[in-house]
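Common to both upcoming complexes is chain A, partnered first by chain B, then by chain C.
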Partner chain A sequence: MPQVIIDGHAHEFEAGERLLQFCLDRGIEVPHFCYHPALSVPANCRQCLVKAGLPARDRASGELVKDENGNPVTNYFPKLQTSCSLDLADGMVVHTQYDSEEVSGAQADNLELMLINHPLDCPICDQAGQCPLQIQAYKYGPEGSRFEFEKVHKPKRVQLGPNVVLDAERCINCTRCTRFTTEVSKSHQLSIIGRGDKNYPMTAPGQEFDDPYSMNVTDICPVGALTEDYFRFKARVWEMSHTPSISDFGGKGINVDYWVRDNQILRITPRENLSVNEFWMPDAARLVYQRYNENRPKGPSIGGKASDWDAAYDEAASLLKAANGKVLFLGSAYATVEDNYLLMKLAEAIGSEAPQYISHVEAGSGDDWLISDDRAPNTQGCERLDINPVDPVLLKAKLSEGEIQVLYVLEDDPIAAGVLSAEDLSGVKVILHHYHTTNETLFCADAALPAAMCVETIGTYVNEAGRAQRLRPAKMIRLMNRSLMREAGVGQSRTDRHGTPFDRWFDEGNQIDCKPGWESIPAIAERVGLTLSYKSPAAIMDEVALTLPAFGGATHKAMDLLGVGLEDIGEVV
Partner chain B sequence: MAEAPSLITGESKAGDWRNYERVILPPVKDLHKIEVYEEDGGYSALKAVVKDGKFDPAALTDEVKASGLRGRGGAGFSTGLKWSFMPPVDPEKPRYLCCNGDESEPGTFKDRQIFEYNPHLMIEGIILACYAMTIKTCYLYIRGEYIDYVHHVQKAVDEAYAKGYIGKNILGTDFSTNIVVHYGAGAYICGEETSLMESLEGHRAYPRIKPPFPAQSGCWGMPTTINNVETLACVPLIVNRGAAWFSGIGPERHPGPVLYGISGHINKPGVYEFPTGMLIRDLIEVAGGVRGGKSVKAVVPGGSSTPPLTWDMAKDATMDTETLREAGSSMGTAGLCILDEDTDMVAFTRRIAHFYHHESCGQCTPCRDGTGWLEKLLSRIESGEGYTRDLDLLLEICDQMEGRTVCALADAAAWPVRWGIRRFRDEFAARCKADSFASSEQGDGSVEAQPVL
Partner chain C sequence: MTQPTNGSLLQPDYVPGEPVERHFADADLVWTDDEQKQIATFRSEYPTNDGAVMKVLWMAQNKFSWLPPDVIQFVANTIEVPYAKVYGVATFYTQYFKEKKGKFVLDICTCFGCQVCGGYDILHYLEEKLGIEKGQTTDDGLFTIQEAECLGACGSAPMLQVTNGPYVHNLTKEKVDGLIVDLKADKMPGFQSVTLPQDETDLGGNRRSDTEAVTEYQTPPVSETIH
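Then we have the complex of A and B:
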């Protein structure tokens, strides 16, 4: 295999690789701004300069030229090369800033120039703390600046579109945003206007930057020039924790980071997973962040009256026992595989028919990229458990004929989904695990048990491509159990040791009094005489992966951060 | 190896230039009209080559190579060699010629004379170049400010179409080619070959990274050759009179007729056609001498981006690439700017820096931000508020810019500043205050007022 020598160390490479990505893949950091692995390579920031050369060869014989000590002679390129655009060649010799003062000097020179017209308003900039310019200027930049003039002024606080705000003075013209709209989202809405140091990205006159994927430019912006409108001035990045998990927005299973302060989700950003969403996510999937904070229930209730958890479990259990098996269990495409699995076990113990689920597929509501026709995140998970979509007509008939005495709804809202009306439920007892106080079925619920949402639980979603991916708790609920504590990284060694380096424990007022399904379903099951004793959701999934071929191999350990592709089981009906 | 003898001999290398007969811009009235041009022997080279088969494409390329013609757009690269870089014809792939008429460099105004007085010579040259490289489309890119010449050239192109010199089956042969006149929107950077092609494609004129070079991947990713207007205008002359005639004019390594654009403190500024290798002294003489009989302080020999020469360096130098390189500058586009003894070199350098600041496309960091910094420092020095340390800072900024960008605009911006300071440092230093770090604290402990930022 061909070799390249970087800072004196030989590395093998495959033809077609370029130096910067090659270095980054091997943990050799080379500072850069304009380069992004998903975009074309314009080499315009000029930051990733390295010294490179090729072995000298004798023109006539083609033999390597050696010096008097027998070492091969290197013909260095006369200019420093941008590593992002440099194709690797066999025998190439590269010196990065770790190895060459010429290179580190050139990189510092470039950062000095880059900063002369940058406002350096880091103290009030949302990007500070996670800003490539800030980080790399500290690491590779000059000690100070020799620039003694007024900086160039450009428009600030420009509302480019509904979701993105521009501060043109902070812009370093890397063109990542314009290349994103040209090459990835293909909306072509942004381009650089002006010339020289008056350049900045802008939409065409009179146009709005209303690309449904517009906020991705704020993720790839290497400075604070483009920021998310909803998140501006909400929190400093170092005040928040960020947890790698999965979005419950639609069936694509978008990998995200949830950013939390005071137990509130403040921001959702995409997380790199080349098998699913690459680096991107739609704006709509970010703007749901308030859903996890607002209209959340304050504990369980019986017949609309607040109760405690034991009383609510007792009520649910007695309703189930009194129904003589005339129970319909509705699983949920919003609940995890683990919770649906436990529900199946409970239905079996009660002696009722197998659970069904409410389909949230709205044909034509998606696009051909990351917005799915399926509004729910775990439809495939239900299907793979052999839980089938409920037929509203059949369900209504059964209800009116008195074949169903208790309706057990796991984390869904049959009335809002249009499956049932309040009248249909008039003679029926309802047990409901709900996320929100706005749940329209809540008024018909005889036992209402608040459920943890995807940001508060541990579990598995299977996306529409059949990829099993793992949820992690991003924020705390009231009365964290042992499993949640461990997963959230709190209380690991001492029971009294609360809190992460951040403050996700801080504001108890924002802790929702709810339970994950894998805690509440076994509590009810226990009261009807079924022992569902699992140490943790991971243990439930271990059993699922072992016993159901449709989930073969999908243990929590195997899923880790990037998920596991499951074997194809054919088209979902 | 013995050191080569100096080329700066004070002898003209232009031969009998006083009896030189103009060939690019011959003194013929109404030559821009196609009838007049034909009467003067125009399009005979085209007929000879395309119809009568004087050269096949490869032979025509060799003939141009043999003539020693070097690009007149600034870089001075061998034209025939450039043509030979085109890959073999692939019937699946279109290939293009671009004629670069985006002359925007301050001090350069020669191509407009060809547009105005002898457009058909250029058109004939374009068709011959297309023939040599088997190209079916040429884009003639004219700078937007030349809108009158755009219309004028378009008219000439239309006439040539009507006469069957351009278009399908030229002169009844099976060779066809088209010329599309395109004009820019007023940006200096569009004269850079790759950014010209970006502009042509309808994109923002950001220069491209090379490699790939245009011959591999140019317009729309297809093989493309790009030549200057004056370069292509020389091609019919080479065909008519032969490579030997052409290479016999001027110095051996940089031969041919050339249009000198002479400007500055001179009595008769304008475009003068002479052989290459003219003594700068002689060119000042033909342009009527320095205004007011003053002495010359500096000469910028090839457009504003070329380093200025002091008179001592320039007076014995001739106008050809090798000699000017030895003298410490470059031939560029042969647009000489003569600066007399009263010239304020600081103001002159500041004005050039302003131009490059204004025209930097803003793609690369060093050029985008460096050009502005240069101008700001030079303005401060010009206004008497600068410090001597600023001069070293300017040189360091030049170091930070040169060779660190996609195209050569950063170099073009840095050279006049670097060499202006190097060669006229005393004049710059005389305008500067003593170093602020040393002098800001006064004897009584009070601090001198800081310069207004």
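Then we have the complex of A and C:
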């Protein structure tokens, strides 16, 4: 294997690698702005300069040249090199800022230049706290500026499109955003306009930055020049916890971070997973953040009247027992694999037919990238559990013939989905696990059990490509089952990690009185004589992975942050 | 450099998504057959259409005399390059006119070399003579005066350039007067090759073999106002 010597340490590399990415992969930090692994390499920010050279060889013989001590002589490139664009070569000698004052000096000078026209408005900038320019200026920059003149003024608060706002003064012209629209989203809507110290990224006159993936440019912007319209001035980044989890927007299983303050989801950003969404997510998947905060129920109810959890469980259990097996269980493509699995067990114990689910596939509503035709996140999970889509015609026929006395709906809304109408449900008892008070089936529900959404539970979603991925609780719910959360080893919300109920970001009022399916279904099962005692959702998934070949290997531990690709089970509906 | 036309540095010239003023009708935004052939040739000269952007913009400027957004978009559509990209190119180069200019654009160099030799003297003289300030156009639409950075002819300072074309070297007030008279008579100055001191002996006086018009090198003057 060819070798490169970085700061005196030899590393082996494979042909075709470039220095900056090679360093970053090995934890050697080299400051940079314009380089992004998913984009082309323009080397225009000049921040990743290193000193590099190749071993000197005798021209005639090709032998390595040695000095009087027998050490090989290095011919350094006459100028510092941008490491992002430097192809590694065998024997290359590299000195980064850790090793060379020339390099650290050049990097500091470069930062001083970059900061000449950069407004130092970090105290009001949304990027502060997660800003590569701020971080790298602290770490590698000069102690102050020698620039005593008025800075160049450029447009501020420019609404580039529905979701992105530009502050051109903050821009350092790294061109990450324009390269994103050119190379990744291919909308070609942004370009750097003007020249010299007055240039900035902009749409063409008359055009709007309405790319359905536009907000990705705010993630890759290394300064606060491009910000998400919905999140501007909402919170400082250090006031929020961010939890790595999975988006429930559609069937792609987009890996995200949920940002939480005051126990409310304020922001959703993509999380790198090269097997799924790489670095990106559609705007629509971010703009659902209100879903998790608003219109959430305040505890269970029986026949529309508020009750407590025990009474609601009792009611559900007595309805199930009275139905003599004439129960239809509707699983859910929004619920986790664990919850659907428990529902199957419950259906089996009741002696009813196997659960079905409501398909949320809307043909033609997706694109060929990260927006799926499937609006629900766990359709594959249901299919792999052999839970099949419900046939509305058949279901209505059964209901009218009185073959179904109790409809048990897990985390879905049959009326809004158009599967049933309110008339169909007259004369049928309905048990409903619901997310929102806007659930249209709610007023037909005899026992309504608020359910934890994907941001409040632990569990597994299987995306449409058959990748099992794990949900982590990003926010707390009322009466949280803390022992289970701890057992899972991941269930740490902001208060667990950073605060106490007495800190100023703790807001009990925003804790939803709901239960995850893996807590409420066993509670009902116990009342109908079925013991579903699992120590944690992880234990449920361990059993699923062990007993069902379609989930082979998908334990919580194996899924970790990046998920597990499941074996193909063939085409599903 | 595009100067903000709305008077505010903190607002862009246009709001993204809002319609912009049109300066040419669709019926005017067409290429002749000859022009289309020329564009096809430009496109065939480069591996991608991006390469032809500058040449076609140049053609459009010669045809329409300036490049408002509707012309830039017309160019983008013609060569199938994204509009934003073509707009970025057009705004980068000062030689592309994003604003309507006079028939003759006088770029007076005031960069260091010309400055010490009287570039500003010439600029101010022209401003007074034509009754406009730099960046403005005379009411008859004939002249626009612009201040330019180094045009690479410091040996014959002070100098100016006429409408992205010929240079006028070794300017004096009398020479400027003559130039204005000529231009008003629609007589463009011709190309002048300026000799360098060392050429006098080594090259028989003229470095260029393709031109007859030669101006002998002369020691540049010193600015009246800068000492």
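Simple rule for what comes next: the second predicted complex is superposed on the first by the 551 of 573 C-alpha atoms of A that agree within 3 Å, B and C clash if a C-alpha of one lies under 4 Å from a C-alpha of the other, contacts with A are read in each partner's own complex, and residues count from 1 in each chain.
As a convention for this text, a contact is a pair of C-beta atoms (placed from the backbone, for glycine too) under 8 Å apart; a residue touches a chain by one contact, two chains touch by 3 or more.
What you are looking at is a predicted structure, and each value in this text was computed from that prediction instead of being measured.
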{"item": "Fit-or-clash call for chain B and chain C when the two complexes are aligned on chain A", "value": "clash"}
{"item": "Partner chain(s) touched by A:Gly299 [first = chain B, second = chain C, both, neither]", "value": "neither"}
{"item": "Partner chain in contact with A:Gly194 - chain B first, chain C second, else both or neither", "value": "both"}
{"item": "Touched partner set for A:Pro55, first chain B, second chain C, both or neither", "value": "neither"}
{"item": "Partner chain in contact with A:Glu150 - chain B first, chain C second, else both or neither", "value": "first"}
{"item": "Which of chain B and chain C A:Asp109 touches, first, second, both or neither", "value": "first"}
{"item": "Partner chain in contact with A:Phe209 - chain B first, chain C second, else both or neither", "value": "second"}
{"item": "Contacts of A:Gly553 with chain B and chain C, given as first, second, both or neither", "value": "neither"}
{"item": "Location of chain C clashes with chain B - one stretch out of 44-52, 62-70, 98-106 or 134-142", "value": "44-52"}
{"item": "Intersection of the chain A residues that touch chain B with those that touch chain C", "value": "191-192, 194-196, 198-199"}
{"item": "Complex contacts: residues of chain B adjacent to chain A", "value": "187, 204, 206, 209, 357-366, 368-373, 376, 380, 393, 397, 399-401, 403-406, 453"}
{"item": "In the complex with chain B, residue positions of chain A that touch it", "value": "41-47, 49, 78-80, 82, 85, 106, 109-110, 112-114, 116-117, 146-150, 152, 172-173, 191-192, 194-199"}
{"item": "Complex contact set, residues of chain A against chain C", "value": "153-161, 168, 178, 181-182, 188-196, 198-199, 202-210"}
{"item": "Parts of chain C lying in touch with chain A, wherever the complex brings them together", "value": "1-2, 9-20, 69, 72-73, 82-88, 91-94"}
